[in-house]
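I am attaching a structure below and will ask some questions about it afterwards.
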Amino acid sequence: MSDLAYIFKKNRYLRVGTIMVMILLFIALFADFLAPFAFDEANREARLEGPSADHWFGTDEFGRDVLSRVIFGSRIALRVAVLGVSIQVLIGVTLGLISGYFAGVTDQVVSFLADLTWSLPPIIMSMAVITIIGKGLDNTIIAISIVSWAQYTRVVRAKTSSLKNMAFVETALAYNEGHPSILFRYILPNTIPSIIVLVSLSIPNTIMSTTALSFLGLGAQPPSPDWGLALSSSILYLMNAPWLAIFPGMALVYTVFAFNLLGEGLRDLLDPRLRAR
Amino acid sequence: MLAYTIRRLLQGILLIIAVSILVFSMLHLMPGDPVELITDRKVPPDVKAEMKRQFGLDLPLYQQYLRWVKNIFRGDFGISIRSKTPVASTFRHRIPVTLKLTGTALLVEFLVGVPLGLWAAYKKDSRFDRAVISTSLLFAALPSFWVAVMLIMIFGVHLKLLPLSGFSSAKHYVLPVLSIALGGIAGMLRMTKSEVLDVLNERFVFTAYAKGLDKRTVLVKHVLYNSIILILVMMFLSLPWIISGAVIIENIFVIPGMGGLLTQAIINQDMFVVQGCVLIISILTVLSNILADLLIAALDPRIRVSMSGGGN
Amino acid sequence: MEKLLELRDLSINYLVKDGALSAVHQLNFDIHRGEIFALVGESGCGKSTVAFSIMRLLQGNEVVDGEIVFQGEDLLSLDEAKMEKIRGKHIGMIFQNPLDSLNPVYTSGSQVAEAISLDEKDKNVILEKVIKLYESVRIPDATERVKSYPHELSGGMRQRVMIAMMLSRNPQLLIADEPTTALDVTVEAQILKLLRELRDDFGSAILLITHNFGIVAELADRVGIMYAGELMELADVEEIFHCPVHPYSKALMASLPRITKEQGRLKTLEGTVPRIIGEFQGCRFSNRCEHAIEECFQRKPELLEWRPGHFVQCLNKEVLHGD
Amino acid sequence: MVINIDKVTKSYRVGSGFFLHGKKKIFALDDVSFTLREEEILGIVGESGSGKTTIARCILALTKIDEGRIEIQGRDIQSASRKEKKDLRSRFAIVFQDPPSNLNPRHRVKNSILRPLLLRGVSPQEAKERALEAMEKVKLDARYLQSFPHELSGGQQQRIAIARALVLRPDVMILDEPTSALDISVQAQILNLLLDLQKEMKMSYIIITHDLNVIRYVCDRVVVMYMGRVVEMADRNTIDQHAKHPYTKLLLASSPVLDPKDREDKRAVRWERRRMSTSKRPVT
């Protein structure tokens, strides 16, 4: 049995998580073919209709097909994941490497900033950022990301400062290796496994937070098929059109669950002692 | 311990100063002039200039900051442009509400999550353990606001058992607290389990067995006590998330706390209210973090030493 | 001499990815009252597994076969409650890294007191006894040190606390698993001296688990040399050092730096220890053995008495009858 | 004389935080002087905290010293220019204690060995030849060049570290506890290998260790360090048989004998052990 097959056989979280994420990617990629309608195709004749053969998930207050909107919503979720996590990794890893490697004042300043953003409620702080930069999906992603890079910095910093005292780094220095090369050839590659685990664990958090802000009306704006936005407008129709709340919510739960499983599995595999919130 | 306490307090003050600078600069980072933001277009320019002077907006930035801090110390957070009332008086009623909500949620998370986690660790690999862990993984994926919507649908709209909005009686607590805590319980549970399993593999647990202690004593005195310390650390680390959850939930259940106020203020561009809310919530978070650290230091002698400068 | 502990065909297998990994295989030896018995071998030979199996403190993913007879009772067949009565009272154990061995959140003294309190209830008597024990393991300033937390003590001091703790209930057997690894040479010498005195003054037998032949030469009365989970040779310490019989023991002795470079070269041992999954045919040392004959690859040798008190597990008659 | 260390002092400030920052000063090296001669194996022996590892870092100019001079083939390395420092360093090779952390876990063995050469501007073709030559010298099959460190045993990893040192064709090798994490039979392999290489390539060694038995086997001269100071320095036989300083005697008495017959001989020096254990670490 190959190692990879063995890993997948042993690690149930990784197995199920990978499959679920693949399905999600498939849906997002082929949304145009899978969705029976366009996400903004309104049918005034068929408003607030329950699930039927034509509309599996029913229709909303404008007569738009909920299934199609849920399918297109997956693209938004993935956009949030990719864009948001890239920003976090970029800020967090860079600062972590710098502060871990060049101790001293730089380290103290960066650590202080990381502690600060780490200990403040992320939704509140991103709401504060949104007041400055304005509403909208991309702004929300930016806001969430600039308040949640700290976990990357903390982990990468800790790894870096222990790695830089390892014998192989000292040896490299003795063999005249320069500092940039030490950072990028010796230290960064050894932090990659932890970063991968953190990425997979922060994707669900980022998606959830961004959706929450859209739910509050600060993120994606109509007519976007964003799940959070869909949930927020569903509240008015809870009594007679519960499907409006149920299906987008379940899509969100599926997505978060899939990435959570993947993250757990990767953590068991790559860095069992790592903790993230 | 005293040195550690002082050190931790100083750190906290530094954090609060940093937050206040951030919050203060919000007003200046916003596009447009603060006076334009709080006045009508109809107000003539000379009145605006007068207002600028009055607010001290013509002073150098650091002086404006000091003035702002001084006002806050006097309890003056400015005036809400929406309600035209002093922001501070609104806060007075709303802060306790948010504190009660988050406090209850934290308590519920702890009281439900930790025992379940302990039991799952004790019965590792049993059917109970597997069921609890799988359920908790699913629960961790439930966004609080969706849970809230579902709870409203089930208990409020269809069963009509519980009130859907407001915050006046114990019954009003049930749904909001449940919405916030459900995901948290799941996290707490899994964390407790993994902490306990980590401690179980520590060498000192073997020592405890080796000196002849019975399983019960080992588990309570050496495993539970040590893991509770770590669990407390984790619990307070999750505090920012609980507060975040509370902000969202307050909106759904129309609870008159800081969260609802903040959301409305952002939508209305009510600057002074936003500033005040963010500042107060941040200060409360920082303070509770300090308290938590002191509590943990009191329980764990290693932290006292490593953080107060002694030892290596 | 009276037998205190007897291992009868002890086999321990770990369940791993590709099957049952044989960590210990059909081990037989006795420990007598009041003697220091050293179980020596290179890393991965299964010596620590033996120690933990005697205490019944293995992790749970092992299959243990055979008997561990302590004062006439098979420890492996006891229920957990009875085993709790044996641990500490009759068999104590100290571990490799003395920092991890003590609970960081309690004072060192209270952890020793915890052991005493199993037999004695009076708080003042307990405290007195702890201080006395601290003095007997030469911890200076004992009345103050009992209040110290483990991290406030040096490595050597922590190991002394561990010894005091295990001494407190006066067990007939103390298992010392690499007791001085990670300690400085001078501290190591002090701990070894303490262990020797412990045997002399209290008459406890010690099972010493180590890879360090220096410690063996310093401390042991009898030595068992383990290789790949089996006992290759068992004899008095002088015999092991001066006339080892088994090719593996011989190679080890010749690789000890007891000479200077001008006096000669150290002997080395080529090849690596086999990782044994499932059944294994022949002698486990055969692939590295200079004296291996055909039979060595086909049949497992038995540990036989070569001379009174000196046991060897080897099939080659030339090796056994001298060249 | 390859290296001349003259009255070197190096201290660290310890204590962190608002109140204690830099208040305590600990001398890692206190007025240390010794020399390394051509084709000599010099042992530095001491316990943890004796400063023996700091010395290695100072010689390679990985850390700055407070006072004194470290001369390498007559040139002062601490005050040397960057380029000169690089040049001086290239006559050294270093092998650290812990085999698994000695090699970058993410680099193939080949990369680890070739890297120091490429940094020095050796052509890839020549570097490869030298790597193969070095692998032969440490008696490892060339196929291990393609391996990652975690696929090798501790002894093999240490051989790779030595091979990486050899490709540089250094004048001096600094070996910091080269065998203390290895099993006894593997230790013998590495020690023999080191002795063969030294003869063949006419290098000098500084071997830093706590193990007097290793020192006795390989070294020509011995420096005994205690709390940052050199307490005794002499050729190996003198140290072994006529040690003068009480700490050296204590160390000799504490060092485990490798023959049970020698047990009794050591009792005589016990009084000195007691005397030494009462002295405290100097803190100013």
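Each chain gets a letter, A, B, C and D, in the order it is written, and its residues are counted from 1.
One rule holds in what follows: contacts are C-beta pairs under 8 Å (C-beta built on N, C-alpha and C of every residue); 3 or more make two chains touch, one makes a residue touch a chain.
All figures in this text were calculated on a predicted structure; none of them were measured in a lab.
> Across the interfaces A-D and A-B, which one involves more C-beta pairs in contact?
Here the pair linked by more C-beta pairs in contact is A-B.
> Among the chains here, which has the CA centroid at the largest distance from chain A's centroid?
If we average the C-alpha coordinates per chain, C ends up farthest from chain A.
> Chain A to chain D: how many Å between their CA centres?
The separation of the two C-alpha centroids amounts to 48 Å.
> CA centre of chain B versus CA centre of chain C: separation in Å?
52
> In whole angstrom, how far does the Cα centroid of chain A sit from the Cα centroid of chain B?
21
> Would you mind writing out the residues of chain B in touch with chain A in their complex?
Per the touch definition, chain B meets chain A at residues 14-15, 18-19, 22-23, 26, 29-31, 137-138, 140-146, 149-150, 152-153, 157, 191, 234, 237-241, 243-245, 247-248, 251-252, 262-263, 266-267, 269, 271, 274, 277-278, 281-282, 285-286, 289.
> Would you tell me which residues of chain D are touching chain C in their complex?
Contacts found on chain D: 47-48, 153, 183-185, 187-189, 191-192, 195, 210-214, 216-218, 236, 250-251, 253-263, 273, 276-277.
> Which bits of chain C are touching chain B when the two form their complex?
55, 57, 80-81, 84-89, 92-93, 95, 97, 100-105, 111, 114-115, 118, 149, 151-152, 162, 165-166, 168-169
> Any idea which chain A residues touch chain D in the complex?
166-168, 170-177, 185-186, 189-190
> What residues of chain C sit close enough to touch chain D in their complex?
Counting only chain C, the residues touching chain D are 42-43, 184-186, 188-190, 192, 211-215, 217-218, 220, 237-238, 241-242, 251-252, 255-261, 265-269, 272.
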